[in-house]
Amino acid sequence: MPVDVDATVLSNTRLSSDYNVLGLAAPAIAAAAEPGQFVMVKPGLGDHPLLRRPFSVFEVIEDDAGRVTGLSLLNKRIGVTTRTLFGLEPGARVRCLGPLGRPFSPAAPPERAWMVAGGVGLAPFHTLAVALRARGVESTLFYGARSAAELFHLDAFRRLGVRLQLATDDGSRGDHGLVAAPLERALRGLGPAAPLRLYACGPTPMMRAVTDLAHAHGRRTEVSLEQVMGCGLGGCYSCVVPVRRNGGRPRFVRSCLDGPVFDGRTVVWDGLGAG
Amino acid sequence: MSVDLSVDIGGGLTLANPFIAASGCFGYGVEYADVVDLSTLGAVAVKGLFLDEREGHPPERIVETPSGMLNAIGLQGIGVRRFVAEKLPPLRERGAVVMVNICGSTIDEYAEVARILDDAEGVAAIELNISCPNIRKGGMMFGCSLAGTRDVVAAVRKVTRLPLVPKLTPNVTDVAAFAAAARDAGADAVSLVNTFLAMAIDVETRRPRLSNVMGGLSGPAIRPIAVRMVHECRRAVSIPLIGMGGIMNADDALEFLIAGATAVQVGTANFVDPFIWGKLTAGLTGYLERHGMAAVTEVVGSLDLSTRDAGPTPEAACS
Amino acid sequence: MSVDLSVDIGGGLTLANPFIAASGCFGYGVEYADVVDLSTLGAVAVKGLFLDEREGHPPERIVETPSGMLNAIGLQGIGVRRFVAEKLPPLRERGAVVMVNICGSTIDEYAEVARILDDAEGVAAIELNISCPNIRKGGMMFGCSLAGTRDVVAAVRKVTRLPLVPKLTPNVTDVAAFAAAARDAGADAVSLVNTFLAMAIDVETRRPRLSNVMGGLSGPAIRPIAVRMVHECRRAVSIPLIGMGGIMNADDALEFLIAGATAVQVGTANFVDPFIWGKLTAGLTGYLERHGMAAVTEVVGSLDLSTRDAGPTPEAACS
Amino acid sequence: MPVDVDATVLSNTRLSSDYNVLGLAAPAIAAAAEPGQFVMVKPGLGDHPLLRRPFSVFEVIEDDAGRVTGLSLLNKRIGVTTRTLFGLEPGARVRCLGPLGRPFSPAAPPERAWMVAGGVGLAPFHTLAVALRARGVESTLFYGARSAAELFHLDAFRRLGVRLQLATDDGSRGDHGLVAAPLERALRGLGPAAPLRLYACGPTPMMRAVTDLAHAHGRRTEVSLEQVMGCGLGGCYSCVVPVRRNGGRPRFVRSCLDGPVFDGRTVVWDGLGAG
């Protein structure tokens, strides 16, 4: 039962010239959201831009008494809405509809959990890490970004007991290059029998590479896809992903209902579109 | 609420209020059952159905444009038989008034789809999507040819007693002529407008933004054109009109009602605000009360041209 | 600037850059002489002229709509003779490349206006506004009939050697057919689009917002439809196209150029920002440099359909 | 030579729930503007709403050293742009094009000047009062509003030596009813030979009434009309006013070039449109 909240901006923390974390007073959504779910967001009250935009729930915000007071978004500036979200001051309003979509299926011991994030693909993993810790699952975050300055919230993940494996495009921190490299080492290091769950979120080529790599090691990956979405509720059929299940032919399924989390091996990556 | 919002959209069908979810913008209705009480809508026009399943176009399927959006979904759908088996029962259960939007590649397909729906339980009306491709006629659309419009409406009229509502495309020179052709062929009402054929280009890659190159423009951008077309049809035919195109709130809906629409559909706005339906009825009720009207029918076609030139002057288009 | 912005728009006319002030949106050009150096524009299309003076419609003449505006000016104007006497000399003096937009109620009037301009000094081209009322033909517009288009273009072609550019209306089913008809009748280029016939209603008074009831929609709202129409015409004819409709910046202009327009006109945006012209040339120059192109002609028609379906699929309009 | 200034909001003084005075850092326009001229304004940088809106230059703002630093607008909330202008905070940006239009022709002694303002029609009279004072012209402001709470800037006019004749719809201050009443008394009191210039700005019926009243006493009135304007520069022909000059037939003239100030007797009031 998604709800629509005319949420007040609680905080806006700029992380870099392109990234920020926006706190929104939408406790009803925050309390109901499961890791991997998303919200459809629209700043202000006007009609410009027209459509809402999808965002992962980044953090659930609690007050000192442990009451849920809101949620935050990890936002990366790439266009009109993300630019507005970057600039908002506390007190501004953001319409926020959610929670939406199918969540990750969290691991349970003895499984260990590996999360693979590229850039803003970090967004769904904070709530997942909280859930994994609650379940006593040992977890690692493989996290790639352009440079050390764009590796965010490392301490927060450490505090949640998450091990970190970093990579940067410019080599300023962790592995020089793609995050697939440390992942591959780790997969090789882990015996094939060790129970493992893999999650990935980031640029499409990265999720595809992670899926293939995992597959080569006999592992599945849950990928969180970022299709363009018109409604988030199954109404428009804009967000489709070509999925091949049980050996059948590819079918377009709605990412907002059937996803955004998919079994990476079922995704027909070539048909995903430019987005 | 002391005002009467009910409207008669022809063919014996009365809706509790004039607000209909537009086809293709509300899935099969069931997707929204968690968000709105479907029985509170005037009607639900479900996504366009062919006889068989269709996959539609690859992504990107939509792109936002100034005060509008383009879509090229390509009529992905489960086909009419699965719709009847899987979607009609839950819709019936929830008290939805269901208009089924139907498509065909041939006249026979239209008729076959209509026949199946005529036999089904829980269909309130058939909306005939005649801006669909006519493969038999070499790609010409039924909806862009008066003869094609007449033929397909007449063929479907023969196989069903359900209220029949052809949906007109705006991509024509004289939309009122199409309304008249549809009426002559037995339509109970017409709905208008479908989307405007349009296109957007990514200048960095120099590729179309939609995988299908072109798509349909909807949203507030098109509203003034759609209102004009409703006005033109109102002057040409007397069957009920169902108006749409860029309605975002009760005032926008009122423009269509005043221009002569008996009911309206809301598409794109439902994406922006799935809770819009209660706001629309509240806004309309408030307006009618403020203006001392006891029923929505009083506002339908109430356009006051007394202080204006009597008719449409094509001159305006090149001023 | 190392890139070549000049474009050949047919009939022997080369413009220094592809940016033209759209007719009706730049007065007679002289009004803007204080604000912009008229000689820096590719050309100036002056307000539509009849043979005689016209008063136009009473106010309200414009109304803003979502991402657009409606206008029903009614072609107020000083008539072609006063234009030649009073406006052409100062335009010449300022080095403006003048396209004269001409109107007529009859074919004879069009021809007479063109003849007068053919004799005048300082006219670079004639833009034939064929979405004007055709009083002789009972209110039908020349621009909405293929025969009417052919007749008026041919008649004007006979009386002038000036580059002849019919301006197409978008209010038709198949704009490319009109481009072809214009070409067959001797047009050197076509410009498109004029405004979309549209209407807005004040729901409180229930009156049309424009005194003329209907008006023409321009501005960003229409851009995706206009780009589609340029694309369709590009596939149908090979004479130069002058594209327009909602261009607000260089990127918007590039959509039209990539779709196949050799030059573009800018109307509504000039109201918003009369200093837009320098920004357009700077933006285009920057784009061409960034993309390693030496001339704007490289970008014209450069739409990449390789990864897309080859052609326009009318299906999109009802998806 | 109008210029376009991307002006910073210097101040926003709310006068009531509908009126405010917005200070804009547009010194080049302020220094060049003559009384009765206007600016075309657009808040923000986006395209929503699309068109600029016309506003009188209300005050020329100077710093302590007497240097012109900007101008102010007297703004009344009636729609989308005026609502935005009401809400702007200092530091926001407003695009401001001007000065535009034909100014008032200021009186010179021994003429006396009477200004007749209704509601937001006060806007052009502050700069006119400044000019009149500089020329040593004795001036009176006849000023009507809905209530005492909507009679603004009275002290400012008093400081400029302007005599005040007030009227309110609800009788809470000055005459009860229209401002035409005190004006009529004054016209009757003034000998027909006394040199006088009359200026009016306000709702159309009020300007028409003032024109007729003045005419009945053998006086002309300069009226500042508020036609809807698309461009402000003569490009669009949207702003026309039907004017009858020298006994000819009415012609539509552009208010942005030929006006906004017109000789009231030449205006064909019935043809002005709903605006």
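Before moving on, here are some points about what is shown:
We just call them A, B, C and D in the order they show up, numbering each chain from 1.
One rule holds for everything that comes next: a residue touches a chain if its C-beta (ideal position, glycine included) is under 8 Å from a C-beta of that chain, and two chains touch if they have at least 3 such contacts.
Only a predicted model underlies this, so the values are computations on that prediction, with no experimental measurement involved.
Centroids built from CA atoms put subunit C at 32 Å from subunit B. Computed from the mean C-alpha positions, the centre of subunit A lies at a distance of 56 Å from the centre of subunit D. The mean-CA centres of subunit A and subunit B are about 37 angstrom from one another, to the nearest whole unit. In subunit A, the residues that reach two or more other chains under the touch definition are 47-48. Shown for subunit C are the residues in touch with two or more other chains, namely 24, 56, 66-68, 71, 73, 205, 207, 211, 219-220.
If you draw each protein chain as a dot and join the dots that touch, you get one closed loop, with every dot joined to exactly two others. Inter-chain contacts occur between A-B, A-D, B-C, C-D. Against subunit B, the residues of subunit A that register as touching in their complex are 1-2, 4, 42, 47-52, 95, 97, 227-228, 230-231, 233-242, 251-252, 257, 271-275. Taken in their complex, subunit A has these residues touching subunit D: 46-48. The touching residues of subunit C, when paired with subunit B in their complex, are 24, 48, 56-57, 65-68, 70-75, 103, 129, 131-133, 139-141, 143-144, 169, 171-174, 194-201, 203, 205-208, 210-217, 219-225, 227-228, 231, 246, 251, 254-255, 258-259, 287, 299, 302-305, 307-309, 311-319.
Residues of subunit C that touch subunit D in their complex: 24-27, 31-32, 34-35, 47, 55-56, 58-64, 67-69, 71, 73, 76, 205, 207, 211, 219-220, 248, 268, 270-275.
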